[in-house]
Amino acid sequence: MRTLEDSRLTVDDLIAWLVRFDDEIVEQAGFLTELDSAIGDADHGTNMARGTAAVRVRLTETPSGDAGAVLKSVGMALVSTVGGASGSLYGTLFLEMAKSVGTASELDTAVFADAFRAGVAGVVARGRAEPGDKTMIDALQPSVEALSAAASDGVPLAESLQSAAAAAAAGRDATIPLVARKGRASYLGDRSADHLDPGATSAAILVQALADSHAERTR
Amino acid sequence: MRTLEDSRLTVDDLIAWLVRFDDEIVEQAGFLTELDSAIGDADHGTNMARGTAAVRVRLTETPSGDAGAVLKSVGMALVSTVGGASGSLYGTLFLEMAKSVGTASELDTAVFADAFRAGVAGVVARGRAEPGDKTMIDALQPSVEALSAAASDGVPLAESLQSAAAAAAAGRDATIPLVARKGRASYLGDRSADHLDPGATSAAILVQALADSHAERTR
Amino acid sequence: MKKLINSPATVLADALRGVEAAHPDVSVDYANRVVSRGADVKQGRVALISGGGSGHEPLHSGFVGLGMLDAACAGEVFTSPTPDQMLAATTAVDAGAGVLYIVKNYTGDVLNFEMAAELAAAEGIEVKSVLVADDVAVEDSTWTAGRRGTGTTVLVEKIAGAAAEEGRDLAAVHEIATRVSENGRSMGVALTSATVPAVGKPSFDLPDDEIEMGVGIHGEPGRKRVSLRPASEIAEELVSSILADLDFSGAPVIALLSGLGGTPLIELYLMYGEVAALLEQRGITVARALVGDYITSLDMAGCSLTLLRADEEMLRLWDAPVNTAALRWGV
Amino acid sequence: MKKLINSPATVLADALRGVEAAHPDVSVDYANRVVSRGADVKQGRVALISGGGSGHEPLHSGFVGLGMLDAACAGEVFTSPTPDQMLAATTAVDAGAGVLYIVKNYTGDVLNFEMAAELAAAEGIEVKSVLVADDVAVEDSTWTAGRRGTGTTVLVEKIAGAAAEEGRDLAAVHEIATRVSENGRSMGVALTSATVPAVGKPSFDLPDDEIEMGVGIHGEPGRKRVSLRPASEIAEELVSSILADLDFSGAPVIALLSGLGGTPLIELYLMYGEVAALLEQRGITVARALVGDYITSLDMAGCSLTLLRADEEMLRLWDAPVNTAALRWGV
């Protein structure tokens, strides 16, 4: 067990994050699918659960390597198992993070923040969604900003991750009133308002899982 | 208006009978179809209503001719519009009655009883059902016997027709406990018991319509 | 009741307009509700006619065309057509070599085709009939109106149609039709009831967790009502019921897995996968297979399995060209 | 939920077994969920690949074969397949002349096919994509992910498939595919919701007296929810919405009236009769028509209408031989 002063994410931390992400997704799959029933095609929970299960298997059953290798393997697993819009987008998030971190074996707040930013930029580039389009970007982008700000303010890692998670959650909630302009929900027009976006919800779960798994491991 | 002593069915009486049959079928179509839902294919009321409507049109919109011609025209109309098992059977009933009465223009009790017997014999020959098979025969055969008995006992026509109708009704009710051995209901096996047979029910309506229309016209 | 119709009374007439519009090759006699091959009736060839209640589409009108039926008579929904319809079809397609009636064994169809045959005979047209009674779900056929005619009808129409197209005479076409009829067996399963338009509600109630094994194509009940179960177990019951009824060993089989109208193709393929595996386990070789909606029961969810113990001649006739709305190959 | 399945998790794998069993001509790569033409890939010919979420059968696997697709990638139910599936299909069918991806415009399909194209390019395979976005129910396409791809996909696959079969090069096949895509328009109507197996209940609630006009093939909502009405009025709305979007005058039209999976053929023919009458009233000539289940949405009741403003070349390619599970003629 490490102390609170720990300010780096190790490869094991990344693995713990994604195992926890899988736990949360398993638990929330029904809820995510319900959200997707309301404004999509009722598969987001099933899609994500299929993906995180595959990620877990890959991470826990094969030797891990450096941070870049781990993140790439996560991205590949997501791309090849989730399907749908979210599969390529979450896959891109991790593949771009992998490129950003390269062969590092530990990531400090700033390096991780940069990687996260690169990942989200990849999602934007692939999906062409802008903030306010009622997509996962609405949770991811504020989360990136919060994490970068924390990093440049020298905030400790644990706290930085908590503020990234809080920003993601706030971004997620802010999708409720929005009218979707990307993804299936956009076909609903005005009827897409007053609903949480499923992808923003899973994105908030992703960031929260990191904050929580890190907190647990450094408790 | 004729008196109760009237002991012959005229061509107009036959027409009045079938118009009244149509009235009754229209009213009972839902019920007949419901009976057919339980042990058949949910079309007996619709079938009969289509047929009696066609009969009514033919009888009321074209010149009538002798009794044989009227009964033949009824039979042809039923054969060509009812469809299903009941169409050919009711059609046969009237076509055989037509043959039996020939060119007569009035039928006394005995002649009508013979014609009715010939008609029902035709139904049996075509459908190969025996009494107890839970079909229209279970209403028609006792009705024939009652009418013949009344005729040979010299019972007045009105009363004879009422006893024929009563026998048909009793025969109809007696189908309830029976297990069907002919028609679609037979596929139900034991599950066909405890249900009225739709065809026996429409057959009882047919005979009752004759008794009632005759009673009304001679009141 | 939610249906794409104008009114229950006009369903059949309105649907026939669509058939004619979609298939310029066939011609529709609206007064008699007869769908027949247009111009291509060949002088001197035996003609094939079938018919029955509507609601089983593509049976029968979808099988009118080269190598299959010459005419189909459409009754009201689930109600057999009438003798005058059949007679009109008969006089329309008879080319002097006689006519084969392909009749599904339901009292209404049997009686009406019988009357039609009498009328045709009176007009000097030679008619023979083949009765299809292939539904193994009806066990006590001595105590019933006999087995119902279901999926084997499609196979009789195809194979006898090819025989007629070859120019065989009526006796020979009747012979092969009878042989197919006698060697075909079917059984169906319903997950839901059909809703007859004129009735407006389901013909029977089936609880959310029950299915009807051995259902007929009009929703007539079958052997038993059982709990909803995996497709593999349903397939096992269909296959073993059929195999218990006729020895299929040592002969090539033509298999037809038909939807009942409300079941999507993905489920039909899934069921066929189970059926194929079971047959393989039992050493039975499927020589030809059809999966899709071929004989349906309005909007009923479920499927029926038909297996034909075929011989070389049947396979050859099966493979012969056919050009109809619902079955087409070789042309 | 009542379905002929073993378990929601195995629907796709189990159904693929049935596809392979029923159609010995195609081969199934289970690991990659790719259905492809078996042996008959012709060296040097452009290959066509499509794919998408499952639950739309016969789209796409039912259109693999001579004159149409070389391979179909099956995603989970209503979920686009993944780039690795597409790449596997690409390397399997590429014959050196390049590959055309036929992509329905859904974010998931678009993004995954994009990634696949990048991967294929990295392996030195030339890929072009055609996007089908034909659903006129999506009005404000600037403010959405764009129009959805529906029935025109079937027509693109058929016509581009015939062009590839003729030996045209990738640019030419892409050109005609694009032309078909741009000249096709569709709109659908749902009477009931589909039920996704993994979800177990209908994706949306539709009261007994309401229908969804302009529904998507995954049950995405359409223009509006209206009261249940006669087929003639529904047809009028579908036809006029399509005609308002593109000028169809003076050109032959290919019409596709597809069921959504839970609607019986008799209703589809009835609807097509209404559509044909409306088009005739407006002086539009239907040159070719298809009525049946071609692009479905699991067990959803309803239908979709697709009209293609065709030209002589499209008609000629339409009539070219095709031999697939769901579309076959000329061979």
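Letters A, B, C and D name the chains as they come in the text, with residue numbers starting at 1 for each one.
By definition in this document, a residue touches a chain if its C-beta (ideal position, glycine included) is under 8 Å from a C-beta of that chain, and two chains touch if they have at least 3 such contacts.
The structure displayed is predicted, hence computed values, not measured ones.
The chains that touch chain B as well as chain C do not exist here; no chain meets both.
Chain A and chain C have Cα centroids separated by 55 Å.
The centroid of the Cα atoms in chain A and the matching centroid in chain B are 77 Å apart. Mean C-alpha positions place chain A and chain D at a centre distance of 33 Å. Rounded to a whole number, the gap between the C-alpha centres of chain C and chain D is 29 angstrom. For chain C, the set of residues that touch two or more other chains comprises 77. Along chain A, no residue makes contact with two or more other chains.
Taken chain by chain, the contacts run in an open path, each chain touching the next and the two ends left apart.
Each chain pair that touches appears in this list: A-D, B-C, C-D.
Only residues 2-7, 11, 14-23, 54-55, 57-58, 62, 77, 191-192, 208, 211, 228, 230-232, 234, 257, 261-274, 276-277, 286, 289-291, 293, 296, 298-299, 301-303, 326, 328-331 of chain C touch chain D when the two sit together in their complex. Only residues 53, 75-85, 106-108, 111-112, 114-115, 138, 140, 143-145, 148, 196, 198-199, 203-204, 216, 218-222 of chain C touch chain B when the two sit together in their complex. Those residues of chain A that touch chain D in the complex are listed here as 33, 37, 40-43, 46-47, 50, 79-89, 91, 126-127, 180-184, 186-189, 191.
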